[in-house]
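My questions will all concern the structure given below.
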Amino acid sequence: MNTIIKVSHLSKQFKELRAVDDLSFTVQEGDVYGFLGQNGAGKSTTIRMLLTLIAPSSGTIELFGYNLYTHRKEILQQVGAVIERPDLYKYLTAFECLSIFATMSGLKFTKTQLMEQLELVGLSARANSKVRTYSQGMKQRLGLAVALVHNPQLIVLDEPTNGLDPQGIADMRNLILMLSRERKKTILVSSHLLSEVEQIANRMLIIDKGKKLVEGSVNELFHPDDTIVLLETTDKTLAEKTISQSDYAGALVQIDASGLELKMSRDAVPAFNRFLVEHKIEVKGITARHTLEDYFLKITSANQHVEAYKN
Amino acid sequence: MWKLIKIEVFKIFKKPRTYIAFIAVWAIVSLIQIAIYADGQKYMDFVLKDVKDNFLVIGDPLNGYFVCFVILQTLLIHVPLLVALISADMIAGEANMGTLRLIVTKPQSRTKLLLSKFIASSVYVLMLLLWIAVIGLFLSMGIFGTDGLINAKSSEIILINANDIFWRYLLAFAFAALALITVAALGFFFSIFAENSIGPIVATMSVIIVFTILSTLEIPLFEKIKQFFFTTHMIAWKGFFEMKENADGESIPGTIRNLPAVLRSAGVLAAHTVFFVGASIFIFKRKDVLS
Amino acid sequence: MSHRFYILRTSYCVLFTSFLLLLTSAASAQLPALELVKKVKAKLDKVNDYVATGKMKTDVVFIKAPISNIKAYYKKPNKFQVKRDGGISLLPKGGVSVNISSLLLTEEYTAIDAGNGTVDNQQVRIIKLLPLNENSDVVLTTMYIDEKALLIRKANTTTKDNGTYEMQMSFGKYADWGLPDKVVFSFNTKDYKLPKGITLEYDDGSKKAELPKNKKGRVEITYSSYVINKGVSDEQMK
């Protein structure tokens, strides 16, 4: 498997702010790599360094095995990017915008090829409309078409679902999955929509305050099948006693003021529901929570405690 | 790079604001032509006020060449703003639109990107000047006819034969192009520091206005340094409308009184242009694109 | 006998000599001023119209002009027009009558003999003309007339509204018509100045010599040909 991205000891200092601090990670060919972090964690700065928008203060970046700064032109011909909200040229049509960026990629395109790209993102019917008439979702899709027009091997998506409605988010997700599975693209996606990243990424990195917290395959870092179940009952004591004496004893994680917290696979939740009913445990509320979010919050809050302790 | 230049020229001429300049120029030129058509004699009387008591004017001084001279003199005060409207938007406008981060990630060097943008804004300047030539010179010639030119300076009046003028205008327009390209370079330079074009436009005009005022003030402190201001040299196109004299004090048609000085001014403007563009490229290559 | 012959011979000599002297003095007696002027006028009167082709050179300290090709049109008694081919010229206002004929042919005047002089090594009579018409722009004209050739070699004219100017004429092949080959027109000029803020000048860095003030201006017209009495239309006089 080829290494597409190799970042070694990357740092960026903006005056008094160390936005990225000694960051190292790799992205393999075919990965859908989730790049996660809170706002201001350093995600966008890192991505901008990968795209030569920002110069690193120290460290190296290799893409496709070549140093980014000595082989910039050849590398960028193989990279397509959507960076935050792409507004593009409001006074031009979608076709004109796409044509401009296609030409700037250094390749020649026919009108048919460009229309196919617009078809891919569902904009062919509005190809000759001015971008200023587009909704945010349409602009986002046009941005994706611009990123894909030159058939890059590496696609970098920085907050690709920003401003999209639920349908738009779903469409974006399906597109990314198609690009990965059918077209074998390597995709680096940064998002704070953890539920979306969980559905598409096979590897991920969590960054906080410019530093890497964890990196690895999604399966290794947490079990997506693990679901946190929060149970609110009228009689917490009875519920605790009943569960502790059952097969679900091992699933019990903690009891606090809000109720009982258990961990089980998503498929086991219906059976647990039936168990509660059978044992006449009156349920005020039962919530199955997303574990990546939990994992993320756990990791990042742990980091904050460590930072606070250090200070 | 030719493709990049074509793209940038396409973008400029697709923007509605580009046409503001052409419309503004047409409006100013038309107003001057109407004013001279209706009341030009009064203006000529003012220009020749120290002379008309003693002299009769033989010929038709209010002709197309004279009208174009007035137009050029007026426009080259206003046109720098219209040039800055576009040139100061070249980078700042892209940053504002969010497209700068897209184009910089393309496999083109930042040097080529900037050069192509600057060349495109120079093409815009040339098109604007061509427009001024069409409506300011050719249309004026059509409406007012042609005859000799009275170049009224502060301490002398220069009379140029009708058949000795057109080529001077060709050179004057070429020089004006260079002057305005220098203005474009200045606007372009300011543009790389901003994410909104208002700031660079205001900065460009402020520099031109302040330096023009300093150039015209006859204060000893500024006498030595004003030769280095590019604004001092922007008006050197007028040097094409002065002739050499022979030993008998007769003007010699077909000559330029001080061509070396005009060429020196052209050199100063060219040097400023190279400096502004070079500095823009130098700074932009090292700049973090955060927009 | 010899004594009588001697006296007779002497008497005849004296008589003959006196007669010769009388003839000579009769021949060299100057015309009265008015007569002379009328004779000059009569000569000029032979010209009903002309179209003259020439070159005009302007020598005014603040006017920089090339030599220009001009055409002068004259129609008796006082229509005179200078036209410039392809350019502008500034002619001194008095110079609209860069043609002495108009003065002589239109005005009533008193002529006063003011002695003799030379112009261009030519002997001339100096005649002062005072227009009788109180409304005339001309206050006084001093003419330097070549009595033999009946040509006005020079004229100094003082006017009410257009200052004082001098015309000096040189004659050649058109002398018989009283038309000059060259007219040099001299006049006083005002200083010329426009604010630099209006003119927006280009300072080319060269040291500009201070223009002499109150210097006389000169316009020199050299006529290469006249087409005389062939008719001049009113259109040409516009």
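As written, the chains take the letters A, B and C, and residue 1 is the first residue of each chain.
We adopt the following convention: contacts are C-beta pairs under 8 Å (C-beta built on N, C-alpha and C of every residue); 3 or more make two chains touch, one makes a residue touch a chain.
Every value quoted in this text rests on a predicted model; they were computed, and no experiment measured them.
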Review point. If you average the C-alpha positions per chain, which one ends up nearest the average over all of them?
Key: B
**Study point:** Reference chain A; chain at largest CA-centroid distance
**Key:** C
Check your understanding: Per the centroid of Cα atoms for each chain, what is the distance between chain A and chain B, given in Å?
Key -> 52
Revision key, fill the gap. CA centroids of chain A and chain C: separation to the nearest Å works out as 103
Practice item. Provide the list of chain C residues touching at least two other chains, using ranges where the numbers run on. Key: none
Revision key, fill the gap. Residue positions on chain C within touch of chain B in the complex are 57-59, 62-68, 70, 82-84, 86-93, 95-96, 162-163, 187, 189-206, 208, 211
**Study point:** Footprint of chain A on chain B - complex, ascending
**Key:** 3-4, 7, 10-11, 14-16, 97-99, 101-109, 286, 288-290
Point to revise | Complex interface listing, chain A residues touching chain B | key: 14, 48, 51-55, 72-77, 79, 81, 83-92, 96, 100-101, 103-106, 146
Exercise for review: Quick one: which bits of chain B touch chain C in the complex? Just the residue numbers, please.
Suggested key: 47, 50-51, 53-61, 73, 147-150, 152-164, 216, 227, 232, 235-239, 242-243, 245, 248-253, 257-258, 261-262, 264-265
